Amino acid sequence: MSAPRDLDIYRALVGSRIAEQAIVDLNDKGVLHDHHSGLGHEAIGVGVGFAVRPDDAVQASHRSGMMLAHARGGFPLRDAVLSDIANAYLQFAPIPGRPRVIPIVGLIGSWVPMSVGFAMADRLRGKDTVTVSFFGDGGANEGAVHEAMNLAGARRLPMVFVIENNGFGLSMPASEAPGADALVDRAAGYGMPGIVVDGNDALAVHEAAQRAVDHARRGDGPIVLEARVTRWGAHADGVPELRTASELAQARERDCVRILHEDLIRRGVLDEVQTGAFADECRREVEAAVEEGLAARIHLPPTVLTEADAWNLTYAG
Amino acid sequence: MSAPRDLDIYRALVGSRIAEQAIVDLNDKGVLHDHHSGLGHEAIGVGVGFAVRPDDAVQASHRSGMMLAHARGGFPLRDAVLSDIANAYLQFAPIPGRPRVIPIVGLIGSWVPMSVGFAMADRLRGKDTVTVSFFGDGGANEGAVHEAMNLAGARRLPMVFVIENNGFGLSMPASEAPGADALVDRAAGYGMPGIVVDGNDALAVHEAAQRAVDHARRGDGPIVLEARVTRWGAHADGVPELRTASELAQARERDCVRILHEDLIRRGVLDEVQTGAFADECRREVEAAVEEGLAARIHLPPTVLTEADAWNLTYAG
Amino acid sequence: MSKSLYVQAINRALHEEMDRDPDVLCIGEDIGPMGGLFGATRGLHERFGAERVIDTPISEAGYTGAAIGMAMEGLRPVVEIQFADFVTVAFDQLNTVAAKMHFLLSGLAKVPLVVRLPYGVNLAGEGYMSGHGPHHSQSPEAWFCHMAGMKVVMPSGPADALGLLKAAIRDNSPVMFFEQKGLYETASEALPEGEHVVPIGKAAVVCEGSDVTVIATGATVGLARAVAERLRAEGVSLEVVDPRTLVPLDTEALVASAIKTGRVVITHEAPSTGGFGGEIAARIAEQAFGRLHAPIRRVCGLDMPVPDGKNNALPNEERIEAAVRNVLESG
Amino acid sequence: MSKSLYVQAINRALHEEMDRDPDVLCIGEDIGPMGGLFGATRGLHERFGAERVIDTPISEAGYTGAAIGMAMEGLRPVVEIQFADFVTVAFDQLNTVAAKMHFLLSGLAKVPLVVRLPYGVNLAGEGYMSGHGPHHSQSPEAWFCHMAGMKVVMPSGPADALGLLKAAIRDNSPVMFFEQKGLYETASEALPEGEHVVPIGKAAVVCEGSDVTVIATGATVGLARAVAERLRAEGVSLEVVDPRTLVPLDTEALVASAIKTGRVVITHEAPSTGGFGGEIAARIAEQAFGRLHAPIRRVCGLDMPVPDGKNNALPNEERIEAAVRNVLESG
């Protein structure tokens, strides 16, 4: 892998971490609500984000949306932070001029079949794009995900299913949820190959994602990428954490930012001065965005909606 | 395997074939309707039926219900035929005094989660029973089946999932439906072992089913049994067959009754006199049942239902 | 002009729309070489190929969800749910994704999806669709009338089936399109020759009358018409109105007829409690308050699964006629 | 006597019923050590163990289906669907299996299942449940009122929540039990000390009055009561009636109140079109025909996904008061 590319990945990773931490802090303070912290997950969104083209269709999860959007170049840190402060949905919205995004919905797993439709539409139109769909170990238990993967397998669609296995579906340990040890074992049942990768190793994720994307683009059909990480904190803001302090400390032991940092230092691709500069830069950008976002934050005013408004908001005509 | 047991299996197989053929003929003549012919499938229901205990809970498919009910000793040929003439649902109804049956419903796949509940209830009550659920290659595509198998795997329930792979889900060839070559490959994704067996070989099915049932009863968790057969005719009465005559002839090449017959003759367990006697016996039983059934056939008279009737039929109180 | 069956009208609409617009495609179970279990997609596979007439594994949630994705990408998928009963498997995709996407993304996404749903039983036949039973006979339209974001269409005859399906395919919102499968091979009618598009949201006065308004959908329209003909001999004049579209409902037309006759009977195949007849009755009772001479009566399915056999669990001519006589007698 | 929160009443009912009957068990997501996302199952896991308080993978169809199987075997499972919105995933299991099994097997099987559904938003709060959005705020009871075989229960306060949940668990038919989650931590009431079972199928007159009947469910009962108190000062007397059970509906009690006051307002959180308010209005308009002084008005959710923020998309006191004034003015 090329050094400049690795450095770009590092910068995106650091930026994601700092933005993510800022949002978590705002939730802790009660300024924002309901965030599903992606701390510890950053290498997945960033690693995959660097492996796809802007015209590939990517569906992020509720946890990795901001990282992916940022890594793909769609959201500078400012926008990433603003999207979380003002309109969380923007991370998942198809916005003209930005890399192609497939939205998600509030029901775990229910969003995955949609992505199969994007892949089918692209093939029908003769595009050489790849469609990527993210979901968690918990989501993999849902029937809609099964049907989606099965359909992709049956039609040999150019798709990558990224399973973010963070060991938990809310309070349910992954070890108790699916019978199998490895979610990647599902792949064979749909006639796909699968790759497992250490989701704390951004370069490994990126390399594996590139292999998966290439596989799909080459016409070899769908493929599964299982990235293993740990969830650093509670499921979401407002949801209690059941793990003990020492379990939590253990969960945070492997840190994707530190791992990549040490690697780049060792390889001489990065030095401490540059490290500091990156961090300062990102921090400034994030702080400014937080300030801007909070100031401009739209407190929806009491609004009178008519039946006609309801119709127009709900129907496309 | 013991010769007397093999002979019992043969007798049940021949009886099932003759009963099945009688029902198919009545459908062809327009006397009955909507039968899903199980011709060619008999060895699966019979082989599994001989591997379970009466107190095990078994859920048959829309295709193998009659064979299973007969093989388990629940339905003598007379009842098997009557059940198809008068009240098809009887094959799937839990009738006191008969081996334990889990009902099915008219939606493919939707019946499978119910069976998981039976296994959970039995475990909760400390029983050493096994729960068996049948579904087809088509049904395996449904999300409900995924969720059911996943739940069984997660809780390591004593279950056997029998996939009757007859190569078709209505008009959809199994080869085009799931991405994988073998449905048994699904098992690993739920942390279960799986067995594939030639569904035309009744003794092989029985032996494999016994292994599967023993595995589950031993406490080793759920297991998949994929039995491969071919569908001899159209999906169901009234549904057109798209295969050519030569494809159909090929589909009927391997005949479970003939295979077992030749085997037993070769091994000297059966002779041609006995063969003829079995067939005559079964045919007489079936013919009498058909006659009885048609004579007694309940033409539901015009009925006036009140709102109170509707309530009482629909609610248990 | 030769007559066409209801199922042929559906088939013609699909042919014409797929011809007209390369973005239109069909997806579902057994709709390809088999032409659909009821024959509605016959000939499409041969003409438009497997990429636009897509046979799928048995996985209603999966392929409905995929169709939603395709629709968001600007295609116009027409999903066939083999029996309307099976839509329960895809229910989440419809409520969670299809119905809400336009709202969720503030209009950045449209879902021009049509879901074709063969529903109900042969109300005019000997017995119902005997043997098809409670899982192949339901009329689940009311659930989707209570799913903001969905339009709901229900043609009662071949010409409307043709014209409304074409309108549904051209609509930019998801449309649940309920085809009364008992009519497929029994309802026939001469179809307009050229382009025939029936606007969504407009009721039809099936026959004019002055004494009682009968509001009917799907196969109950035929029953109501038969009752109207029979009662005409007695000098009783029924106005039969078919809403055709349930969402958006042409409330104005229904209320106008109710005020004109002053007496209303509503009939549909779905069970009474929570059925869409309640919504129609509530709107008329509200908007025609003080203008009715009798209480509004509903003739619907009994509140139970659809039983086999010949019985009164579903609407029939006798039950509709009795309700008509009842509203004539009161007030 | 100290007061209990709505969520504590639910919790007490579960404790008491699991204590009373070893066949009662709970199953759902995060209901074990976590005690449920809203705390309704707190303490059960510690007390009754993992075999009777069953945490499951995220698979609403799978575990609801399994619960149906357990119920058929004579157990009495109480399913928690984490948010009522997610019931769409299990919709097929409920309609195809649970609701029909008794009918399908001519009574050979019973399905004594309870499905607990935390629904709706905090109507009294600052904004709605801001950020929970359109997929975590719905009130889907009407779908199940149109699913023959299902009973539908909807308590509006702690005491009813306790007594109705106990009745639901003892019932031999499947019961959809709608818990208004905005009330969990806001509604409090002293609970009866001993055994408290509220029969399914009986409406409650929340406060008596003579001028207008307001029929309200769940959190709209509180809104109606507040309006009643405010208008009492003006000499306007509201009768607030809470059906408590939607199926079977206590039509008699609702009609009696409607006839007594002659004026009716119906309010619920779910969208208006196809909502159960239509069914109630239709029944009253039919059975109290000629006895009402004004058209029945409905104050419901607008026909759209539940939006974030403070707005009038859901019922509020102002909208209910306006409807009351409207029916007082007409006729």
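Note that the chains are named A, B, C and D in the order they appear, and that numbering of residues resets to 1 at the start of each chain.
Just so we're on the same page, contacts are C-beta pairs under 8 Å (C-beta built on N, C-alpha and C of every residue); 3 or more make two chains touch, one makes a residue touch a chain.
Quick caveat: nothing in here was measured; it's all calculated off a predicted structure.
The fewest steps needed to get from chain A to chain D, moving only between touching chains, is 1. More inter-chain C-beta contacts link the pair B-D than the other of B-C and B-D. Chain centres here are Cα averages; for chain C and chain D they lie 30 Å apart.
Look at where the CA atoms of chain B average out and do the same for chain C: the two points lie 37 Å apart.
Centre-to-centre, using mean CA coordinates, chain A is 42 Å away from chain C. Contacts with at least two other chains are made by residues 105-107, 110, 141-144, 146-147, 150, 154, 176-178, 310-311, 313-314 of chain A. Each of residues 56-57, 59, 61-62, 85, 88-89, 92, 96, 99-100, 103-104, 134-135, 148-149, 303-305, 307 in chain D touches at least two other chains.
Taken as a contact graph, the chains are fully connected, with every chain touching every other chain. The touching residues of chain B, counted against chain C in their complex, run 33-34, 88, 105-110, 138-139, 141-144, 169-172, 176-178, 239-240, 242, 300-305, 307, 310-311, 313-314.
Contact residues of chain D toward chain B in the complex are 25, 51-52, 54, 56-57, 59, 61-75, 77, 92-93, 96-97, 99-112, 148-149, 151, 171-173, 248.
Remark: chain A residues 141-147, 149-150, 152-154, 156, 176-181, 183, 185-192, 221-222 touch chain B in the complex.
On the chain D side of its complex with chain C, the touching residues are 85, 88-89, 91-92, 95-96, 99-100, 103-104, 134-135, 142-143, 145-149, 247, 249, 270-271, 273-279, 281-283, 285-287, 289-290, 292, 294-298, 303-305, 307, 330-331. The residues of chain D lying in touch with chain A in their complex are 29-30, 32-34, 37, 55-62, 85-86, 88-89, 127, 130-136, 302-305, 307-313.
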